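Letters A, B, C and D name the chains as they come in the text, with residue numbers starting at 1 for each one.
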Amino acid sequence: MARIGVLTCWCGENIARNVDVQSVAEQAAQLPGVRCSRVHKYMCSDPGQKLIRDTIAAERLDGVVIASCSPHMHLKTFRKAAEHASLNPYLVEMANIREHCSWVHPERSRATAKAVDLIRVAVAKVRHNRALEPIQVPVTRKVLVVGGGVAGIQAALDIADAGVPVVLVEREPSIGGKMAGLSETFPTLDCSQCILTPRMVEVAQHPNITLYTCSDVEQVEGYVGNFQVTIRKRARYIDIDKCTGCGQCWSVCPSKKTPSEFDYGLGARTAIYAPFPQAVPARPVIDRDACLRLTKGRCGVCVKKCQADAIRFEDQDELVREDIGAIIVATGYQLYEIGKPDDRGRIAGYGEYGYGRYPDVISSLQFERLVSASGPTGGEIRRPSDGTVPKTVVFLSCVGSRDNAKGLSYCSKICCMVNAKHTMLYKHKVHDGQAHVFYMDIRAGGKNYDEFVRRAIEQDGAHYHRGRVSKITQEDGRLIVRGVDTLAGEPLTIAADLVVLAAAMRPATGVEELAQKVNVSYDEFGFLCESHPKLRPVETNAAGVFVCGACQGPKDIPESVTQASAAAGKVLMMFSRDRLYREPEIAHVQESACAGCFSCRRGCPYHAIDPAEIRDRQGQLVRRVARVNPGLCMGCGTCVALCLSKSIDLEGFSEQQVYAMVESLR
Amino acid sequence: MSQVISKPAIRRLVERWLRQGKRVIAPVQVRPNLVSYQPVRSSDQFLLEGFVRPLNSIKQVVFPRHEQLFQYRVRGKQIDLLPAPLPDIERIVLAARPCDAVALPILDHVFNWEFRDAAYNRRRELTTVVTLACMEHDAHCFCTSVGSGPDDTRGTDALLFDLGDQTLEVRCVTDKGQSLFAGQTEASTRTAAAGPGPERRADLGRISEQLEQAFERSEWAAWTNRCLGCGACAYGCPACHCFDMVDEGGPTCGARVRNWDACQLGQFTLHASGHNPRSVQSQRQRQRIYHKFHVYPKKFGELLCTGCGNCTRNCPVSLGVLPVLEAMQAEEAK
Amino acid sequence: MTNAASPTPVGEFEPKIVAYVCNWCTYLGADLAGTNRLEYPANVRIIRLPCTGRIDFNLIVKAFEIGADAVLVSGCHPGDCHYTSGNYHARRRWILFRELLATLGIETERVHFAWISAAEGKKFQQVISEITSQTRDLGPYHAYREICEV
Amino acid sequence: MLQPLRETCRRLLQDGTVQVVIGYGQAVRAVEPYPVFITDPDDVGQLVWNEQCRTNLVKYLLRKEIRVLGKPAIVVKGCDERAIVVLEQESQIDRSQIVVIGVACDGMAEPRCEVCDAHQPRFADHTIGHATNVAQPAERRYAALCEFLEQPPSDRMAYWKAELERCVKCYACRQACPLCYCERCIVEKNRPTCLDTSATLKGNFAWHIVRAFHLASRCVGCDQCSRVCPEGIDLRLVNLSMARASEASFGHRSGTDPQAELVLGNYSQQDQEHFIR
């Protein structure tokens, strides 16, 4: 016979105002299986928890129902209290008589009746609860960081410095990400490369970091603590161990017309090239689509020039497997493609701004390159069309962002600051120039951020116009920007030499495919979903997978770095024990009843179900059945509903428990 | 002299029985190809001719397919057991076939063996069986092979014969039958006979001894492996009486119930351990034959089969008792 | 819903509504309704499950068997599933199951489906209020209770 | 038809391609041919083929009594073979270990035959005879259902009450269904009891809801369940309703495309949800 204790909380007046707690407790005492019923003013307080422990001990309870608030609030608290009284924590259930009852039903008698029902349901359930032990899984103490931008670099270094090996996978030939291409950073105007490149070198030299550039994550198998990751190292055509990075090869390369990715097309590069002077690894790569040898079989001057014999035209893609314990995704962002709709046709472009048609309409990342000392103009601000110094520059905020009509409803968060920075950098270089900014709102929340914007306006004289630009046309070599100043309440036309569009931040291409490989959900814009926006901001719902940086949502450098360190901290915490402990409320198969139709396997969001073979004593195959991998199962129970014979069940929400709950409402 | 009653008169009689609160069960045309014994709600609903035999049986009148043994109710800490009240409604089975009625005395043995089943016996007392002698038979009938026939009166309280021209001859067999028809019939000189009945389709004189030798025969599989393992044979059989007891309901109320069960269902002998002593269908089919033609006669001196042929009629793949016996005896003859 | 002094006048029909909800969205939406003190009729009894993906059609039948007058199944909006896709599986199931109910003559207006997120306390309040008043209008589900009488 | 059928079977048995032929044999007295399992090539003369061959033999591919006989060849109609397609999709059979002999069929005088669009088998290894598959518009295939659905819900409920009142839970519908292959049927599961085993109206409704929904988007419409019901309960309507919904909502007709994704256990983000608040 069950010995269940029901402990009902007053929650001060919160419950007691609308629920007759005393009456509830008396009625609960009469429920089948209930051994005792107690009340307390604040069950979650120390004395309340003591009451729980004492009652468990005194009445030798084998099940506990706490009737108080939401289990999301205090189930963990009460389960811990039970554990202290040597009762298995999974024998504790809650009845939510506050959020679901006293707070929403002011009519006292009805609230009281409902509270008893809610307890009835919880008692019915707890009678079928089983003592569960956390699932232990071994853990491989090695981390995969996907993406070598500032977030990935930070996370990798933090973890590696703690003595844990890191595998850093970067798609591009060099790490550094978007930050490596910036000129100065707000709000301090310190040099982006000066602060980043030493960290990049640190990565390259760190004994605990294995760096794969020109590489993609091909496949992720396994589960938390035990992932097997396949990495595709794309052919680089350079033996980076032999190469010294002397630069002779690219100085002689005859194929010189490929637009430079690093300069966002504002400059050109050779077919064999290092993406930028401070690239890490400081080794060139051959662009197979531009190389004359690889496309036409001719040429090979670089080979002749290379004294290290490091060029390998026969290089092939290579697959590398790594055993990994945790994964940090830091794939960053890309800019919204201003001129054209995206490939799914979902996000319409801004044809009216002439981006791509007029060479002097550029994006803010292109402007960064124009200002950068390492950029195509050596840091002089010159128009892409004719190389003249622009005397009037118009900056547009919110190109894509906050524009439902274009399919992006969110604020990209950094553009206001970027625009302010750009007006300043411009003014510092072109003293007689005039910067204009069209904006919707100025969002400058952050330490020293608003001061920074004020400086741009007040000291550097940028003209800020609150309003949007409807059209940009080209006349006599100048750009006619037609907009509206809504504060003045009149249309505004500016003849500009250069227009800079602060395009929205979007997640990097390919992130959705990666998310599917690691079972992380993403929102309608492709940003990865964290577990909880406030309390679990770098964890995901896939155990052992963490996120940081702009792949999770628009953010600036300090935020990305903070998140990266947070993710690193989470991983290190996870690795601080020899084994991982997972929630035991997962599915399991009753193999004797399983018919092996594998509909559970089809539906499992975590690929946690594998076929297993049942063989007789002679080793003959009798049947194939489904088997749950406890390391992968997250306990959603989708398999249970799909199983026709109910041969698979979910601990914690078992068929028996759920039916008992419904039946109790009869 | 014989006693006769017109069909309209019998329908009027049914009307009266219904008014008296009695339950009347008779053959009803449910679908174009389906006649079955159903509770009758009006006097024009049932058949008195034009069918060979219903696809179910009258055993349901005394041994219902679902029966509550007791209910339980939980009030606070108290659990109340409420025994099911004994049946008290009088039932009249009308126009049953002799092969149905014959089963009743056979069933009496098992329900009064070590344990006297009160509800069964009470229903038996409350039930009057009026049979209608067979004028026709079909390919599945084999009553004559089990020592019965189209006008067998065992289990019958009154036997009706169709005289044609909307008239039935009534031969009361028991006092119950007498009292049912007392004052309702007319004297007549006409008398009728049943149809010829099916030719003997199997020689079952020594069947029990034959089976004693046949248990280990390897051909059981070949004779029976088309069986799909459903309960259609048993549930349509007038004599099959296996049941299962289960508790149904929830934590606050429910009942212990007795439901029909069938030996061809895979779970019938499944042990809690997972072991099943009759793990394949041929073993289950063999069991069915043995129960009917060896075990039951040994214990109670009567075959557990009335030759009605419903097992084959209901079988999705035309199996049933007779085809198995025929196959077995054909093999013996070789 | 068997006990306690009923505040409503004798004879007035109080529908019994069983709600199967997802732990991560609708349950939290109901929590939020509570936190915001959004009042709604006390007729609904929530049964918390990890995900709509776990909610089997049998549970709807069971709810009617125990005398429910209406059933609500509620989970995460498309794309928001805590487990990435449980709600999509559930949605497919309900598309088909509704047809079966309709064919059997089971009143589909007594079976409700909703997406209610953790942030939609207001929507939870609205849905429960609507369902309760609709069910009040429909009256007790006698037809199914008759089936369940032995 | 019969001669080539027997010849094909004889050849398959003789050359050892298969060890058993699952086909139709003439019953001694019964009106319908019943299933036979022929292991000796000299016995192929027992095989028959006529317009009474209504049984869907596919069920026997699953029965262990028949599996022990060795690699089978099975005689199927165009409608029957769809069950083989589904069984393969659901990992119940290894198609390479089964030889399918399709026989062209002009109809078995059953309601479904009037709207059949699978007279000629499409997935068989050997096909006997020729028939023409005439495409049937969906309205025709579901006409019986549409007519039924014209009644108000209360009448539909009354209809099913009257029908299911008779169900004795003999499970012939389940046992004859080629797609019912669970090791342990859910109705036999206790702890907890999902549905009452009693043949009461309550238990019968629960059972037939489960049975129909477990076949949702899977049922191939072979109508064995209705054919074998000793109480004459016509289960076609519920099966049709599930088939119509899966065709209308997911473009899925069970067993007609071996490459098709199964409906349940998969999903599309575009699935309809007009009924969801």
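One rule holds for everything that comes next: a contact is a pair of C-beta atoms (placed from the backbone, for glycine too) under 8 Å apart; a residue touches a chain by one contact, two chains touch by 3 or more.
Note that the structure is predicted; figures quoted are calculated from it, not measured.
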item: By mean Cα position, the chain sitting nearest the middle; value: C
item: Between A-D and A-B, the pair joined by more C-beta contacts; value: A-D
item: Cα-centroid distance, chain A relative to chain B, in whole angstrom; value: 70
item: Rounded Å distance between chain A and chain D, as computed from the means of their C-alpha atoms; value: 48
item: Approximate Å spacing (C-alpha centroids) for the pair chain B, chain C; value: 46
item: Rounded Å distance between chain B and chain D, as computed from the means of their C-alpha atoms; value: 31
item: Residue list for chain B, restricted to those that touch at least two other chains; value: 66, 250, 252
item: Overlap residues in chain D, where contacts from two or more other chains coincide; value: 184, 193-194, 198, 200, 264-266
item: Where chain C touches two or more other chains at once, by residue number; value: 2, 57, 62, 66, 79, 85, 89, 93, 150
item: Chain C residues within the chain A interface of the complex; value: 1-8, 16, 18, 27-28, 30-35, 37-40, 42, 45-51, 53-57, 59, 62-63, 66-68, 79-86, 89-90, 93, 125
item: Residues of chain B touching chain A in the complex; value: 74, 76-77, 249-253, 274
item: Residue ranges of chain D touching chain C (in the complex, touch as defined); value: 145, 148-149, 153-161, 194-195, 198, 200-202, 205-206, 208-210, 212-213, 216-217, 237-238, 241-242, 244-246, 249-250, 263-269, 271-273, 275-277
item: Of chain C, residues touching chain D in the complex; value: 57-58, 61-62, 65, 78-79, 85, 88-89, 91-100, 102-108, 112-116, 127, 143, 146-150
item: Touch list for chain A against partner chain D, complex; value: 592-603, 623-624, 642, 644-647, 655-656, 659-660
